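Next come two complexes, and both contain chain A; in the first it sits with chain B, in the second with chain C.
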Partner chain A sequence: MFARIYGAATLGLNGHVIAVETDISNGLPSFDLVGLASTSVKEAKERVRAAVKNSGYEFPMRRLTVNLAPADLKKDTSGLDLSLAVAILVSSGQIPEEACEKCLFMGELALDGRIRPVNGILPMVLEGAAQGMKTVFVSRDNAAEALLCPDLTVYGVDTLCDVAACLTGEKPLDAARPEPLAPDQLDYDVDFAEVQGQAEAKRVLEIAAAGGHNVLMIGPPGSGKTMLAKRIPTILPPMSEAEALEVTKIYSVAGLLGKGRLLQQRPFRSPHHTISMAGLVGGGSIPKPGEVTLSHHGVLFLDELPEFPRSVLEVLRQPLEDGVVHIARVQAALSYPSRFILVAAMNPCPCGRYGFDEGCTCSDSEIRRYTHKISGPLLDRIDLHVRVERPAYWELTARRRAEPSSAIRSRVLSARHRQQERLAPYGCTCNAHMGHREIRATCQLTEAAQQLLREAFDALRLSARSYDRIIKVSQTIADLAKEPVIAKDHVAEAISYRNKMHQP
Partner chain B sequence: MEKNLLGYYGEQAALAFVRQEKGYHVRCCNYRNRLGEIDIIADDGHTLVFIEVKTRTTGSYGLPCEAVEKRKRRQITRVASAYLAQFDLWERPCRFDVIEVWPGDNGQPGIRHIAHAFLAERR
Partner chain C sequence: MEQETMYAAALQSLKGCGSRRLQALLDVCRSPSQAWGAVWDEDLRRRTGIPAKIFSQLRQERDVFDWDTFQRRLSFYGVRPVALWDDDYPSWLPFIAQPPLVLFCQGTMERDSSSIAIVGSRKASPYGLNAAETLAAELAAQGLTIVSGGARGIDTRAHRGALKRKGRTVVVAANGLDRTYPRENKALFRQVVDSGGAVISEYAFGVEPLSRNFPARNRIIAGMAAATIVVEAALRSGSLITADLALDEGRDVFAMPGSVFSETSRGTNHLLRLGAIPLTCADDVVREFRRRGWQGPETACHEEGPSLSPAEQAVIDAIPFDRAAPVSELLEKTGLAVADLLPILLALQMKKAAEELPGGYIRCAAAFSAL
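Up next is the complex of A and B:
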């Protein structure tokens, strides 16, 4: 007897509906699983057999052939267990086939028939809904996540028994209901009001948040670089629905989605400097998302930038430029989105005092070796370089609270709003994402601003990319000032934030 | 007791068991070809049963049924396929059983029947 049941698997960030076809026939008893199954899927044979038996159903000891279609797609998930078990119960006549029409089954089986949660539910249910599925059975822990897809009836189930009883009509289940969501709250336990002084650094971070530009903070140890970076999420605009869905998908696939809610806060990732290349951009024989992808639509903070291996930093070039990483490995070649704001922090020299305080003990060659760990092309992609000075004593002890994050955020929001209105026809959301074409079409400079830019281009020997990037930053400064045209002052400020290292 | 004699004793006990207790129709005993041997082949209704008999006098080497390891299962599978091919029985449902036999205290052999003992082993 033949049965076809639908399960799902993920490859990269995309869900795929997998048809689990089973056939029971006469002949020597066997259990064959075909259709490019990885080890974790092959092991499903043993889990499914035990789970079916321990749930009080009969495992057909006959010639059992299971095919996972499409057969050319590598399946690497334990989430096919449940669909496999249901398919076997249907083809052995223990569950009516009609009951499983347009149903999607996802879950890992325990040997006693309990159903365990799996990763990547969100992309899988979205794909299922797109392919016309109506009902989805998942582990109770995955139900909230599956409900993020509004077009499906979701059953959160505990055991294989529950699923079978529901399908045979013995014991109907209640569909899972979305929990009433708390109103959109963006609570942070840090605030810019706690940072005294640092006016220039705060200004730069505001520009970065408003336009999505990359920042490098240079300063002596203990001057507050890390403290400032940790507060960047508090001034970023909230994610749009589409952005939130995209980020939630990434975290779902990576198995980092805790409660199965749509993520509201922009991600803030701060990997340690011992991270490997694969950890940063993604890797594995079937590539998994790395830190650049996990910080998509958010912030990637690299503290102590020169301590990162140079080879690791160089792989950031493609994601910084294109907003996407293409990773090709033996099993699969995948693309992951990686549009993040890079925020980096570093000391000016190994002892940390050069150029800021008296008493730097480093030799010239040591300083050069330290700063040259970061390549010119990478620095060229960082638009905003800012010196973070040690705060003065009177600043630290001042009673007056600094400007709170909410005030900065409202300015950022209005600047983003101006950008979105201007860039909507081009499919960009902020200035940093503009390409050359968009810059040509939307950025207007005054005569004086053009004059200044021309002089700077020759005097500083700017690259074509730098030229574009200066205009983008100027545009953001103009947006913050609510000016429709880029003026000379805006360009001057943007140029002042250019790369100050590697210059004679 | 000698090795082959013990095996013979076990097979006779198992044969009597499936005939009298289970009511199977025994098609063949010690079916043998160049690939190996199957102790008992019987019909349980419409189902064809391939039975491996394991006899042990002591428990010191584990349970008798544990002695049917992967290599043995693969061998039985091959012989069974050859049997199905020889008599053109491919459309019959099949089963692999193991029967454990051990000498009992009162002269009666102890017998344990494991139906569906294993699946066909092809690798």
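Up next is the complex of A and C:
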């Protein structure tokens, strides 16, 4: 007998509905699985056999053929186990086929018939709903995540028995309801009020948050670079609905979505400098999202930038430029979104004291070797460069509380608002994403500002590449100041944040 | 005569033939062309006192010497040999104990009778760097030629200061002129040559900047200059060797006093104790030169500082001369907000009243003599 049941798999960030077709015919008992199944899907045969038997149902001792359609799509998930088991039960007549109409089954089976959660539920249910599915069966742990898609009836189930009993009508289940839990709150356990002094660095981070600019902080060890970076998410504007859904999808696919709630906090990723190229941009025979994708719409913090292997840093260039990474492997070529604010921190020299402290013990060539580990093209994509000094003692002990993150965030929000209004026709959301064309069309400089820019180019020997960067940053500074045009002081401040990597 | 210079340059280019052996050859053979054309036999070897092994090596080098390649390389690098007997050989140099017979020169050679050497540490403090550049600029504006070694630190800033006021400056290198040491100064040396200065060396093409070349090079720096200024130097340093060499030749030595706590001023303070002339402004040098009968133009040493607005003046007053002040310190001193202070600092930089260093901002001593 033939049956068709629907499961789902993910490829990249997209869900795909998979039709699981089973046929039972007379012949020697066998179990054939076709349709470009990966090893984890092939192993499902053993899990399904045991789970069906241990749930008190009969596993057909006849010739059993299973096809996973579309047959040209590589399936690499254990989440097809449940649909496979249901398909066998349907085709062997133990469950009526009508009951499974417009149902989506997702879950991994244990040998005793228990159902385990799987990754990537959100993109799969979204795709299922788009394909006209009405009901979805998932592990109880995945139910909350599946409920993020409002168009589906979600059943959170524990065992294969429960699924079968529900489908045969023996024991109907209650549909899962969204918990009255408020979505992920925007509460951070850190705040800029805890950072004393560091006025320049704070100002730079405010500009970065307001315009989405990348930042490089240079300073001696213990000057508070990491402390500052950790607080950047607290001043970023909250994510829009669409952004939140996109980020949640990424985390769902990566298996990092803990509570199955829509993410509200912007991601903050801080990979260690021993990270591999594949770990940073994504990789694997079927590429998985890397750190740049996990920090999409958020912050990617690279501490000790020169310690990262140069080859790893170079692959950052494409995501920084295009906001997307294309990864091509033999099995699949995928694109992952990766629009993040890069925040990098480094010491000025190997010993960390050059320029900040007497007694730097590094030779000129050591310092040069250290700073040259970061290539020019990468530095060119960093709009804001700032030196972070060790705070003075009186700053550390000051009674006056520094400005809280909420105050900074309200300024950032109003600056973002101005940008969105101005840039909406061009499809950008913030100043950092402007291209040359958008800059020419939207950025207006006063006569004095233009003259300063001209003079600064000669006096400070600025490169042509830095021209656009300076205008973008000065536009953000003008937005923060609520000025419609870029004034001289805005340009001057932006020039002060240019690349200061002194080559001794 | 030019013929003789070429022969001397060719002899100098033979591997193993330094200034001293070249001199020995010339003492015996009277002229470079005769030395080149002589029969290099055992008799000549004994009279010049060159060891047999080196002598045979020199003879072999001479026998295979390729004049075409030699000429081509000279013109490729824009190098012209200048010998002791030529008119544009530096006027002070012949009087030292061992003057180089041939100098390989890029750029314009002059007699440079009013020249001054500015030397100092490669790892100098912001104070020394600032002073070296200002001093060189003011002395160059007086028409003095600034001679230095082209090394990192004080030397580089001295050359740069001279160029700033369009003065003449000479780099004395410790390697063949087909290479540049330190490499990052390539652009600076080209600028020196383009602006009517010179890069010179007694070493032929292919000679690396070996450590043993530097003391020999320092004798040329001290020897070319009527007086030597040591800006900053540690106790055991090449700059003190240069000062000693200058004293040996009877030239004046100026030393710039520094903090008694500063490691980089130990050497200069030591020189002062020994009787060097204390240098506190460019006028100190000019006065000394005039006392010796130098007829320079009667212009004021220092340039008028740029005109500053009251806000800029308030900020510049908060910036120290002798170290880099971090932004946080300037914010504290001026009471300004970051967004207000940074544009002023940029304006000061563009007016060349202040400069940004890795650790913050330092005030440029636009009027060193007025201190």
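Here is the rule we use: the second predicted complex is superposed on the first by the 488 of 504 C-alpha atoms of A that agree within 3 Å, B and C clash if a C-alpha of one lies under 4 Å from a C-alpha of the other, contacts with A are read in each partner's own complex, and residues count from 1 in each chain.
One rule holds in what follows: a residue touches a chain if its C-beta (ideal position, glycine included) is under 8 Å from a C-beta of that chain, and two chains touch if they have at least 3 such contacts.
Keep in mind it's a predicted model, so treat the numbers as computed, not measured.
By the touch criterion stated above, A:R387 is placed in contact with chain C alone, chain B being left untouched. More residues of chain A lie in touch with C than with the remaining chain of the pair chain B and chain C. When both complexes are overlaid on chain A, the residue A:R62 reaches chain B alone and has no touch with chain C. By the touch criterion defined above, A:E395 lies against chain C but remains apart from chain B after alignment on the C-alpha atoms of chain A.
Shared-chain residue A:P29: touches chain B; no touch with chain C.
Overlap of the chain B and chain C interfaces on chain A comprises no residues.
For chain C in complex with chain A, the residues that touch the partner chain are 122, 152, 184, 324, 326-329, 331, 337-340, 342-343, 345-347, 349-350, 356-360. If you check the complex, the residues on chain A that touch chain B are 26-31, 61-63.
Here chain B touches chain A in the complex through residues 77, 80-81, 84, 90-96, 116, 119-120, 122, going by the rule given at the top. The part of chain A that touches chain C in the complex is made up of residues 197-200, 203, 348, 354-357, 364, 387, 389, 391-392, 395, 455-456, 459-460, 477, 481, 488-489, 492-493, 495-497, 500, 502-504.
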